[in-house]
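Chains here go by letter, A, B, C and D, matching the order in which they are written, and residues are numbered from 1 within each.
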């Protein structure tokens, strides 16, 4: 009845199952809560719904950008955790830190919905994206340098590629924040375009990777 | 400690478990968020609650139609994934694409609750249903034509039946959108009746299927 | 690579895992959404928060009653599904039907929060509880009479006990609805007291059950 | 097909899987719902967003404090359940009792957001934290004294350490409630600082624990 060995206990305590379960739950709720910020317009006197709907365009844009950001954050989370055989205390807490900007994203989306050209709104939304990318980077760097947590070691080249994939959009988010006061709409365009850059970097990484490299497994 | 073979790694990377976990989470949140659009009526002076409740009839109708749509979307998702032994990159992204109209459905339900005879509201709700059916169709066609992803191959006849099951309600949704300006209430009736059509097609498909065909496993 | 036998396919198609995953998700969201109906009071001029908090007493009562109802619905769901080795189409759809009144419960709670003595509000809340109990009863009767779905057969006495456990509160809910117009506050008391009755019936059932009977496993 | 032995049935009925699934779901929803209380400010005439954002500082503070509280509650829940091989009826119900203050936390956070210096608001928030800590303590004491529920027995010293880890912040929460009327802002600071205390106690516990003690596995 009792397995009792040190090994079995070690595996149990460091099992990533619940970390993934909580994370999937948070991803699912965040991606769905976004819709609460897309409000049905109230009609003014004589106004037609089809006209009033144009007013919610900013919130639809904020919804779509945020939906893609969360989708990428989830696939990147999954791409990391397929390599993780075990977690440790730091992975658990870093993962919770990753959940912080994620769970604030609906607020950020609401902010750029209602104040779409305001530099403060854009900077806050951009900061959330920067925090999301940075914590993802830290977890990637931490976990991939600890072979005892992994099913199999990740070679240094693949590791750097993983960094590049996060760093490229991160750099663009920083640019978007820097120009938020002077060119707010360009910032929004950068937020919208960053995922395209991510996919391009991804495709190039795969094309250049030798057979068997971890890049082929990136979603 | 290390399984390390290419095969084990391949299975791990292509395991559908987290795709299903995220999807079940999103289905659960969306089906429950719908209720937030059914508002407790505020009473006017001298008004009785029992009278005021008649005013929320449209939102109850929108709730019920959307509940059934999500329930069918979930059973269809489950019916596909029982055949999927492995996912690939495209299945993961197509599945996220399927989640997009799904997570917008509470907005669509709110729209037809408050503007129940407005052609714009009905067209948007109908478009969400069309997007949901179309992405489901694409995943079905993609996955069932790749035997290496499946536990066992699905024969062409069953595959076509799976298409028909989605295509029949899809056609009716397109009709509902087309007549939204002239006969908005008929469109709502079509949204409500489409699931019945789905079940009739389902029962007929099963009755006509030879023993051992995949149709017998459809929920 | 391919297991391919009819048996393996049958097990896969009828695996209850995703039915439980979706249900647990819905239970988790519903129990947490309830809190959105407990509003922070707005203070009138000169009003102190401690006084204003008395105004939200009805919504706290509605929260607590609903929390207990959902907790019992979940334990009862778990108590049934520990016996279920397989699901079939009917179990899947009956389970979705069980989710319908469950996902409407936050609306019911909002209704009795804001109109706490209104017969219409109490009747609707009571009707949701009756629907919840009835669908639970139907799933129990359906599943326990199909030994091919169960790990081991459930004897007729335990089966009847399972019915009694749901039927006793159900009867009280019907009384609460019947007297809603004349004694609304008594109805609320019945909603609050029904779980106590449930626990008493439970304890008595266990005390009277022979060794090895299913009642000992009820939560 | 039927495993049928008493042992297999016992394991199945007492399997903690669904208790963890429901709990992870509730943790995920609660941590994400918090953001709904961080409102995008409405601008007064001539007001700039960057100034208006200062007004939501209290709700951001309440969000962050509550986020950390929930994160710790989850890691503590995980730290207990890695030891639990089986649940019993009492663990199930105690766990649901633990979910009660947890699911009320978004209300508590809203309360201290909008009435940040009000003693009543602070006392209620503090009471939720006290309830959360107390129920956690009770589950820990209950489960760790029942070796038949555990993978391996927990030695008395580790058990006391587990109590201390909860009792230290608990004592501070009681102080925060006691001084809420005279020094409300100090109470908020105590809520914010309690997690730091928790981590200090944690680090000290690990440093003092002999090799192989359960403290080394605390997250």
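The rule is short, and it goes like this: contacts are C-beta pairs under 8 Å (C-beta built on N, C-alpha and C of every residue); 3 or more make two chains touch, one makes a residue touch a chain.
Predicted model only: the values in this text are computed from it and were never measured.
Of all the chains, the one whose CA centre sits at the greatest distance from that of chain A is C.
With angles rounded to a multiple of 5, the C-alpha fit of chain A against chain D returns 90 degrees of rotation. Two copies of one chain, chain A and chain B, form a contact in which under half of the residue numbers belong to both partners.
With centres set at the average Cα position, the gap from chain B to chain C is 26 Å. Each chain gets a centre from the mean of its Cα atoms; for chain A and chain C, those two points are 36 Å apart. Touching two or more other chains at once are residues 21, 24-25, 28-29, 33, 36 of chain B. Across the interface of their complex, chain B is touched by residues 2-4, 6, 8-9, 12-13, 15, 18, 21-22, 24-26, 28-30, 33, 36, 89, 92-93, 96, 99-100, 103-104, 106-107, 110-111, 113-115, 118-121, 124 of chain C.
Taken together, the chain A residues at the contact with chain B in this complex read 20-21, 24-25, 27-29, 31-36, 38, 40, 43, 48-50, 53, 63, 67, 71, 74-75, 78, 81-82, 151-152, 212, 217, 219.
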